[in-house]
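Take a look at these structures.
Each of the next two complexes has subunit A plus one other chain: subunit B in the first, subunit C in the second.
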Partner chain A sequence: MAQHTTADTSLREKLRRAERRRKIQAGTLIGPLLLLMLIFYFIPIGMMLYRSIDNSRMREILPNTARALAHWSGESIPGEEAFAAIVRDMKKAYPARTLATAGRRLNFDQVGFYSLLLKSGRKIKKIDGPPYRDKLIKIDKKWGDPAYWTVLKRGLRNITWMYLLRALDLRYDTQNRVVGVPEEEAIYVSIILRTIYISLSVTILCLVIGYPLAYFMATSSASVRNLLMIGLLLVFWTSLLVRTLSWILVLQDKGVVNSFLLWTGLISHPLPLVFNRFGVYVAMTHVLLPFMVLPLYSVMAGIPSYYVRAARSLGATPIAAFFKVYTPMTLPGIGAGCLMVFIQALGYYITPALVGGPKDQMVSYFVAFFVNERVNWSMASALGVVLLVMTGSFYLIFGKRVNITNMKLG
Partner chain B sequence: MQQYHVSFRGVQKSYDGIRLVVKDLNLDIEKGEFVTMLGPSGSGKTTCLMMLAGFETATHGEIYYNGRPVNDLPPHKRGIGMVFQNYALFPHMTVGSNLAFPLKVRKQPRHEIDKAVRDALDMVQMGEFIDRYPGQLSGGQKQRVALARALVFRPELVLMDEPLGALDKQLREQMQYEIKNIHQRLGVTVVYVTHDQSEALTMSDRIAVFEDGIIQQIAPPDDLYERPDNSFVAQFIGENNTLRGTVATIREGVARVRLEDGQMVSALAVNVDTDGIPTLLSIRPERVAINPDEAKMAQTVDGHVEQLIYLGDHIRCRMTVAGNSEFIVKIPNAGGSGMLEVGQDVRIGWLTEDCRALDAQ
Partner chain C sequence: MAIPAHATTGERIWYYVFRFLVALVFIYLVFPILTIIPLSFNAGEFLHYPLQGFSLRWYEDVFASGQWAVAVKNSLIVGVSSMILATVLGTTAAVGLNRTNFPGKGLLVALLISPMMIPLVISALALYLFFAKIGLNDTYLGIILAHTILGLPFVLITVSATLQGFDYSLVNAGVSLGAAPLPVFFKIVMPLIMPGIVSGAMFAFATSLDEVVVVLFIAGPAHRTLPLQMFSGIREHLSPTILAVATMLIFFAGLLMLTLEFLRKRNERLNAAAR
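Our next item is the complex of A and B:
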């Protein structure tokens, strides 16, 4: 028995060695490509990740304060040297207008910080010597509240989780605990849930429409198949914007659909078909359908007809043969198609932005919003990270299961 | 009409509406018989099987199963077991589930299914593989499972389309033996398709030789080998020597034939009926004798030894006879048979009943 085991382990060892050699060979081949990917893919993503937690700007604005608070225990208000430091920083930052930036940032954590800093900045010229503590508290007695100093100290760290927490409707309270933001400010979780819900609905719609389409393609003659394939790929040859806009033309109040329905007399007022959830579903399903059909088709085309025939000869009705034998064999295609559509839908921006209403916007819309309108790269990055984590975790959970790495397209 | 298990009556089939791939097929199969369809590639064997299974419809004619016409009966209602060349085991199901499939769709109770599955797997010695997936089996093992699956619901008729085509020679021979055994044990009717003639000869009760959509001859293996009806069958089954000639006279079923070099021989008139027509004589290599006793063997001709191949139990001798340089003679290795040499001229002979005068094609 013991002998048996040693033989087993040595065999396993040999196998491992053989596998390792193969892996090294593969590694040298893909090495340069990997490097390229690293540079052009991971570095931008890495920068985005960093942006979402980067807080170094604050230390640049208030360098002395950051240094002075480094060793403060946080139990009572800090000593005179901390007050001296912040007075020095404010004297420089107020005229440079960077104090407002810091104020806005700290206001996220503690409402009132913005006005506190600006008010103090305006009057800071009057402070020409010690005692700094008393003079500052005289300007505003909030400076005597340790809670503000706690927020300030946290706000001066090199990295901050504030933006990420914010993207999940969370924040730090004055005691450094993570708590939910007040209800009227909580918007991101519902946007994230909405994003998942819309993506899921679009995925299901794509599957319901795409599965019969792919089946029809896989079973029809070569000429019909080519025609369908061209029709499907046409979608890739037209710009996303054009396709989305054409849906507006079709679905709007004076559009083709409403005009027809009014003409038939089925309705007396135009149906609201666009700039709402319905429009988003229609346009996104149309745009993403090929990503469902192509993997499905590629799997279906590889299933020889004899499996269904075998099932029939074994006594299965056509319907039973289809659902018990054919459909399970297309599961890899279903998985890959759903994953591809779902993951792409999660990041959709243009289509919902154009054909959706305010209540149909998804996470990407707010990323763009923070970049374009608020020039708040940190918040934009934090929402980007949320998207990335969402996408990544869906990929990890389901990608493994559907074996997406083994999928071939076309 | 006598009730056959399966009858093809005047069946024709065309896929494209232009060419008939099966032309006027008439075939009766008795219950429990093992009938093989043998023929070259493209001769319509699979098509016949598919019509019987219900996956193709006959363009013309009727197929009867148990005395009932089945042209309009869908495949799942025919209850015919089928083994496909590429096994067609469902890859997403274990061996056990594959076998349970036909019983589940028949809504048999759970415990009966379990027992039937185990029995069927034991029959093909695959009991221990019940939880494996088809992807984890070797070709031979897959074939056994496919066989068990086609039999597990106890069909009275099993169709097999080149089931052993993908296996190596040794495994093929072993499986031939096992299939034959199972056939005898269960008493099922088997319609078997192959283009391997030795497989057909060893397994079948009767063989239907197909060519170009027509059955050339249907007969038990020994008949087919020893009494081929026409020159296609003679050449398709086993090794065969042919000599071209012209019929001089036919008397009492024996034809006098003038060979191309002028020599006269007698042969059984099988497929020739008038004087003066061209004919192809067929003689099996093992029925030819070297330097025969002229009193016993009336038919002797001259031969010229071209090549000798030592094969252990016999010696293969290729010679030129009446203009045919591919004339093969099998000489049993009876010891001390070093008498022939390449380049030698010898006299060879055979019995009249071993030489058949067939159509000249």
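Our next item is the complex of A and C:
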């Protein structure tokens, strides 16, 4: 008996060791990839998320002011020591040119702060001693307005929600309450809604156009199916830029479509088909169509034809048989295709930027705009957060029901 | 889908209407791309029909003009390097993932393929901000790393798919006959999952060759890739040279598609034979 137990334990030990060796082996195989992704993807994404609320730069530029305002109640203008602190900070920050950076940030919260800081910075050398308060208010009387000090105190916190709020057309008022921005400045909510609207329209267009194509492919002979599949895959593999470019050529004033319509006499002037919303719908639907057709087709190809035939022989009309028997069986394909198209459409940038007009740009465009043209990384990150939350929540809501990773590639 | 002999008139009409609609969809799909090809051989400078004679001048222009030649070179450097990196890392990771089960594996896989689902502009911004800190903006290394990450999900997915039908008793046989782990991998596993590796590599290369957004953020003027050159060309000055490049890319896509179809068919045949 005793011998048996030793044999048992040694076997168990051996198995455990083998299992552990396998785990270590798998770990070494996955490790390098994980490390690369961690350093060059997840940490950057995390940094971008933090960037949308990070405000530490302000405290570096105006450290004394930040300290002096820490205990200010905010009821009236702060005391002499706060004025002394900001004079000291400005004397350093103005020649170092960091005052302009601070001014831009504060201006984002309160218009007029940029010019206030720069104007004061230019004259700050003249202030050589107390009383700082009176001398600063003499340079600009805005320094005597508690509202500006409230903005300043808010702007010197380590974390700021200003950019995320602005990305939703919200802001703080002088009492630090969250309110909507004035109507003429409210643009982001409409951009977000536009992004969802365009993506939804493109998804529906893809479904309406793609469903018959997939159905035809699934039910026709092998040679026809192969021809269609080759066309579809050629489009799928062709560069996004090439496809977008081709629509500019086809839809332009002298393009094939307008030339044809002019030739038939249906129109007497070229129709504006591109650089507007119509162009965006046409091109985006075209680019995303394969992502609808491929999952639809792979589901439809697995549906035997006898279900519909059985329904027909039991007296169903062709339409009833199609919508009550066939369509429900294709729901997994519809779900996967719609989710695939919709989520990709949400993040589209290149196609709308090339074939759309100014009123057809989506959230991605404004992320790029704030990076490349405004050099406002915080606002770009805030819009990035909004886009990520949009994509992520749609994926979490619908992704559970549709297994997207199972989609066949190519 | 032939018409049955007993079809009613309505059914017959619908049959032809439906075929007509599908033909329209197919034309919508393929026609715009095909219109580019003849235009790229246009002798004139116009970007519309009718053609003004046949000429290869725009193709000469692609290779003669410094900007385009540099862009092609950059795209090849970035595309090939990121393809190799993504293929090696993706294949080893796929093998590792296939061999073990652990809690949270699904989540890990979802994270690893997330670059495919996250909007490109977010990846671009995140990498741009990160690279600005560590000095990788405007470098080949930065673009290569970025494209490696974007290509990895495809390699993971295609290699995992071929591994699903993989018979591990072959590995055990190899080991029991005295082969070391590395020879087992290179001589037994790799040849069998080769179709998955090759299609993954092609996906990774194609991704890099088609990627504009990230490059737009992180590449400097010296590292312009082909797509970036095309993008700014379309935006600023649309010239027939771009059409010549586009035509070459269409043929490249055709080549890619045929190779992948061949691999897929071969894989299906092998899987069917194995069963």
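Rule of thumb we're sticking to: the second predicted complex is superposed on the first by the 352 of 410 C-alpha atoms of A that agree within 3 Å, B and C clash if a C-alpha of one lies under 4 Å from a C-alpha of the other, contacts with A are read in each partner's own complex, and residues count from 1 in each chain.
Assume contacts are C-beta pairs under 8 Å (C-beta built on N, C-alpha and C of every residue); 3 or more make two chains touch, one makes a residue touch a chain.
Model, not experiment: these values are computed from the prediction.
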| item | value |
| --- | --- |
| Touching partner for A:Pro328 - first (subunit B), second (subunit C), both, neither | first |
| Subunit A residues touched by each partner, larger count belonging to subunit B or subunit C | C |
| First, second, both or neither for A:Pro212, with subunit B first and subunit C second | second |
| First (subunit B), second (subunit C), both or neither touched by A:Leu200 | neither |
| Subunit B versus subunit C as contact partner of A:Ile77, first or second or both or neither | neither |
| Residues of subunit A contacting subunit B in one complex and subunit C in the other | 318 |
| Residues of subunit A that touch subunit C when the two form their complex | 22-23, 25-30, 32-34, 36-37, 40-45, 47-48, 51, 209-210, 212-213, 216, 219-221, 228, 230-250, 252, 254-256, 259, 286, 289, 318, 343, 346-347, 349-350, 353-354, 364, 367-368, 371-372, 377, 380-381, 384, 387-388, 391, 395, 404-405, 409-410 |
| In the complex with subunit A, residue positions of subunit B that touch it | 53-55, 74-76, 78-82, 84, 86, 88, 90-92, 101-102, 105-106, 149-150, 153 |
| Residues of subunit A touching subunit B in the complex | 304, 306-307, 309-318, 320-321, 324-325, 328-329, 331 |
| Parts of subunit C lying in touch with subunit A, wherever the complex brings them together | 1, 11, 14, 18-19, 21-22, 25-26, 28-33, 35-36, 39, 46-49, 89-90, 92-93, 95-97, 99-100, 102, 108-113, 115, 117-130, 133, 145-146, 148-149, 152, 154, 157-158, 181, 199, 203, 206, 209-210, 212-213, 216-217, 227, 230-231, 234-235, 238, 242-243, 246, 249-250, 253-254, 256-257, 260-261, 264 |
